[in-house]
Amino acid sequence: MLSLRARLPERGLDLELELPAGESLALVGPNGAGKSSALALIAGLLRPAEGRITLGGRVLTEVVSGRTRTLVPPARRGIALLSQDPLLLPHRTVAGNLHFALRAHGVPPRRAGARARELLEQAGLAHLARRRPAQLSGGQAQRVAILRALATEPRLLLLDEPLAALDVEAAPQVRALLTRTLETTPGLVVTHELLDAASLARRLAVIEHGRVVDHRATPAVLADPRTAFTARLAGLSLLYGLWRDGVVELADGSRLAADTEEALAAGQPVRATVRPSRVGLADEDPPTARATVIERPVESLEPHGDLIRLRTPDLAADLDALVVARAGLAPGARVRLCVPPSAVRVHAAGDA
Amino acid sequence: MLSLRARLPERGLDLELELPAGESLALVGPNGAGKSSALALIAGLLRPAEGRITLGGRVLTEVVSGRTRTLVPPARRGIALLSQDPLLLPHRTVAGNLHFALRAHGVPPRRAGARARELLEQAGLAHLARRRPAQLSGGQAQRVAILRALATEPRLLLLDEPLAALDVEAAPQVRALLTRTLETTPGLVVTHELLDAASLARRLAVIEHGRVVDHRATPAVLADPRTAFTARLAGLSLLYGLWRDGVVELADGSRLAADTEEALAAGQPVRATVRPSRVGLADEDPPTARATVIERPVESLEPHGDLIRLRTPDLAADLDALVVARAGLAPGARVRLCVPPSAVRVHAAGDA
Amino acid sequence: SATGGGSDAGTGEEETTLTVFAAASLQEPFTELAERYEDEHPGTTVRLSFAGSSDLATQIAQGAPADVLATADTVTMDRVVEAGDTAAEPTIFATNTLTIAVPPGNPARVASLADLTEPALDLVLCAPQVPCGRAAADLATAEALDLSPVSEEQSVTDVLGKVESGEAEAGLVYETDVIRADGAVEEVEDPATGAVVNEYPIAPVADAAEPDDAAAFLELVTSPEGQEILAAQGFGAP
Amino acid sequence: MPAASLSPPLPLWVRVPAAAGIALVLLPLLAMTLQVDWARFPALIGSEASRAALALSLRTAAASTVLCVLLGVPMAAVLARSPRRGTGLLRGLVLIPLVLPPVVSGLALLSVVGRQGLLGAGLEVLGVRIAFTTAAVVLAQTFVALPFLVLSLEGALRAADTGYEQAAATLGAGPTRVLLGVTLPLVAPSLLAGVVLSFARALGEFGATITVAGSLQGTTRTLPLEIYLQREADPDAAIALSFLLILVAAAVIALVRRRGVR
Amino acid sequence: MPAASLSPPLPLWVRVPAAAGIALVLLPLLAMTLQVDWARFPALIGSEASRAALALSLRTAAASTVLCVLLGVPMAAVLARSPRRGTGLLRGLVLIPLVLPPVVSGLALLSVVGRQGLLGAGLEVLGVRIAFTTAAVVLAQTFVALPFLVLSLEGALRAADTGYEQAAATLGAGPTRVLLGVTLPLVAPSLLAGVVLSFARALGEFGATITVAGSLQGTTRTLPLEIYLQREADPDAAIALSFLLILVAAAVIALVRRRGVR
């Protein structure tokens, strides 16, 4: 079990996080939120101004009112860190980098050499074994760095954007490898991709402005995002309003019909999430009885899979390219969106 | 107009590429295919063993039978390169990095200072102005590097995975900025993301094993991918077989009913692409008359948006999580997939 | 451009500069002689350059702006004369004899030259290539001594240094060195050391910018007045 | 680096040899300090000859260091960046003044600028004399100090990541801007080390100076030459002057480091 | 780096000062070469005294260089990585042997290991005598050469990217493995420069050696001492020996570079 409590005002961090034994965790958050710093704190590369980090009951870091009580060096934590930058040792070959990691874990030289070759072969990278890091492409370096981090069986894996830079063929392979690894070794995975968050870990923590603002099972976070950032990550629109018996009254007075399973009092502040794929154009699909029609200015249009995502200040809609062309939509134009109640989920806003 | 012809056996490159004046191009391909090397050749950071690169009629690089005829230095090409690694000058602040780029383009010192501040403010990064690169998060560094590359109005922009490392909020903003820029300045954008390829450039070139294997308008490539890699990028399954009047006969003998607009002769080798979102489970949705039912072993299951992507050796299907759970599907199990003819597109295989 | 060579400095109407190159061991008497000369010849400045004798010889061969050269041995001076760099035959203006120097307290109880042959004694001499070493070798031959030094130093100052610091238990140095050492070493007198005399020659330089002053300075050095100054530092008369 | 970011600790055992090394350097200095005759110290270092020697030493060492930077930085750049095999020989040759006993360096210089030297004769005709002038002091110091700067810098330039230079070039920076604005700042610590080394070497230079420049008070007699002379005349004064030299060097090094280090 | 990858070109103007610097170094060497009496060269350098001096010089300089590495690398690491303010002073002190005239360095050493030195008396009791032995030569050379290694290395260590060391630490590498397997290889070019500098300085050492160790053929008379002596007796022999010293240094440097550079 990992438990982390750390303040580092210099980077605006004030983190608190508990991870049940054996569980893996996906870490998401905006750029500069403090994800990499959190990993560095756990790996022992960063000393908090104040805080305590334990892993499986063992205190790894403890700083109390500025005095360092415990600071286990990184090498003695049994934690492997794959940082955002691959940081392959530039003076060693690819095989040499793996060899180094294995030797550092006490594997005898001969066995380390054989194991390094084996790992490279398994990953289909044997042809790179004798290259220096400077002679690798970005994605190749990233794959070697992943292999190197996994080579030594750590007690905890810290992975910082492990799948960035990987191509569409390599990514699923590496994702599968990581999924397998994370089944036996708990890990923290930083990612900006919903897919990775969902496939690599059952739990998801959201860091914003140096704080853990949400930490639940991944499907729960995705189904009911509590911050604008998570909503965006989940691909949902997030709106705030007051509950008025079956409708959400938004700040601008417009009303959004919605279903909910929660017991909500009239006038209660609520959070509504809207799934863009269920939002249509009012002029195309004549709205059903309870559907809400809302007029908004178009902010942007961008491709989204085979559809076009239309964004307005608060609502998004995924529309067919043909429909967009026919309606002559462009940024600045006004659009009438049709939101069926089934596209909307409402939660009491108090628990955000 | 950009025209590139270059061989560099050392990296297994043999590239040929023409870009019409004013057009931008997305460059995709597997890791290590040669995308970054192509940009380095155009920027003048790499000398081909043999080749010729011209931009708007001006010869930038010319090496004929090993003898360098022309090699315009990078600074004189009027080409800006955003490399895969941000490479911000470590001894200068963020503002200092922008200042450097502006000064290098002859902007007088005072104006350069003001302009640097202005650019940072526009990008919402003013609070980082006095930081050193080492004090930035990965995404922050990437955004500063993008600003720096755009700061000097180049004649050609080369962007190597510009949106990697950006969070879900920053990515659309930067994508919009790049889209605007690429409307006036032609550019080459390397990416592993379908979304970026589609939104940033109208043309798409595919590099595999150091060769340009496909180069068409982006929608054409995505609708009719010719290689396994592009099919994967487009999110389609690609199968090969022989045309038998309305059905594609696959190598294992199974037959796939399909519609096509092309005139195909019986027995002609064809390429069939199948859209996973249209593939279902035969046992769930009773197949319609012409739909094909194909039995395959399950290779992997992974989340895909709100669905689960099921992969078999040659076909993929996007299924509801509920359906997957109900059918008790797991890697290794056999599954009966139902492929409606409308999910399949067939093209003559000769033009691959 | 040349910054302050002797010849340039001599372009003034009244002001003349006499440049004297002298062996480092002559530093004290020559500084005094220069002052005396300046007193007696108002308007003339004497510039002194001290270095090892062979350094000075090399410098003069390469055109150093010297008017007078005084070396610590005749061998070096003979080389300068041979090269044609002197304006007149050298004059011997001082002599010096070797003596035994021991650290204060004389820990090895050296009493005479003969004690220097003691194998266990840490004896330090000059190397035979340099003047004081040649003198020591001559003395050893003359007295039929079998000396086995632990070190053959490059200069008499180095020998003195070893004795002063107590590293060496005895060394052969010049009389003047013992006076210079000012109590840092003790002298063990042995009349036999007088058998070998080292001579100091002085000569005007061929390309002298101030030949008249050079002659006058030479005169001062060999005058009774000059000899007195030299004697005060332990130098013997020629 | 912020205080919070931890660079990996050094192994504890390195403290043993490090302490031994520090002792090796400090003990002699300490012992020397004990020998300084502090009562006479002000008088010893305050004499006119001492002050003239100190002033000359500072002026010439500063001038030599500037020359070393002006000549040595380009040399290091050319040697580090030339791809050709041939520079290997050149690199070796440039290092030779490092091993030559200074007196031999002085003789070699004399054989160029002396009266019978390669250039000396020609210069003489033009009325220019270098040997035995302050210029000769600077020449001698530069000759012996230059390799220090070149060598410290060349290694660093060779090791420096050229990625940043390439990035700067694609931003439109010409070769001069890349050299001055990117390459040299990247190797600043080594450049600083080179400057300190060459200044120190110039300040302590003795053998070559006395050979090419002679030893004339105020013109060519630098502090080390004065120390040499005083050793013959008054060993206490020599020790005191050595101490002065140490103080000067320490002050200058501290100043450079203060300004140069981030 | 493959030949295809282009590092940005140097500005053309750097060739002018670079050429001037190279001329400054090469002309004196050339002039010196012209003075070598080639007919007598083999005889001059082949004498027993010369051979003994050469052998002694090689042995002692090699030993000193090894000592410099063993002591200097830990010193540089400690100085570069200590966060404390106090190391500033220490760093300055460690550099002092750089500026001391070698003779003064010798005197300082004597005041420690000499008979009346700080440790000398104690050593004497143990029956250990350093003065006039080959050990004293090595001691003197190490003392003067150590700062060269420390300074070249420290700048590089300070500039090195600690990211790689951190990465190695998270892979489980202990401090020793990080130091030997990551840190030092990363600064290899500067380490090599430091080794070359300190070897060269040890090989050319004269003043401190003569002061601490004296000059006895085969035991303490190194090549520079022999050169100095020959200068008095036979200047041609001195020139020939200097030339030999250059050859030896060049050979050793070439050997080190060949092996050391990737």
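Order as written gives the chain letters A, B, C, D and E; numbering starts at 1 within each chain.
By our rule, contacts are C-beta pairs under 8 Å (C-beta built on N, C-alpha and C of every residue); 3 or more make two chains touch, one makes a residue touch a chain.
This structure is a prediction, so every number in the text was calculated from the model and none was measured.
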Chain labels contacting chain B and also chain C: D, E
Touch-network distance, chain B to chain D, counted in steps: 1
Mean-CA-position distance for chain D and chain C (Å): 33
Intercentroid distance (Cα basis), chain B paired with chain A, Å: 22
Geometric centre distance via CA averages, chain E-chain A, whole Å: 55
Residues of chain A engaged with two or more neighbouring chains: 44-45, 73-75, 85
Shared-contact residues (touching 2 or more other chains) in chain D: 1-3, 6, 8-9, 103, 107, 117, 166, 168-169, 174-175, 178, 186, 188, 228, 231
Contacts with 2+ other chains: residues of chain C: 58, 161
Full enumeration of touching chain pairs: A-B, A-D, A-E, B-D, B-E, C-D, C-E, D-E
Parts of chain E lying in touch with chain D, wherever the complex brings them together: 1, 3, 6-18, 20-22, 24-32, 34-35, 70-75, 77-78, 81, 83, 88, 90-105, 107-109, 111-112, 117-119, 142-143, 146-148, 150-152, 154-156, 158-159, 162, 165-166, 168-169, 174-176, 178-179, 186-190, 192-193, 196-197, 200-201, 203-204, 206-207, 224, 227-228, 231, 238-239, 242, 245-246, 248-250, 253-254, 257, 261
Chain E contact footprint on chain A (complex, rising order): 43-45, 73-75, 78-81, 83, 85, 87, 89-92, 100-101, 103-105, 134-135, 148-149, 152, 158
Chain E contact footprint on chain C (complex, rising order): 54, 58, 122, 124, 127, 129-130, 149-154, 158, 161-162, 165-167
Residues of chain B touching chain A in the complex: 29-33, 35-37, 84-85, 136-140, 142-143, 160-161, 164-172, 175-176, 192, 194-195, 198-199, 228-229, 232-233, 235, 300, 302-305, 311
Chain B - residues contacting chain E, complex: 8, 10-11, 40, 44-49, 71, 73-75
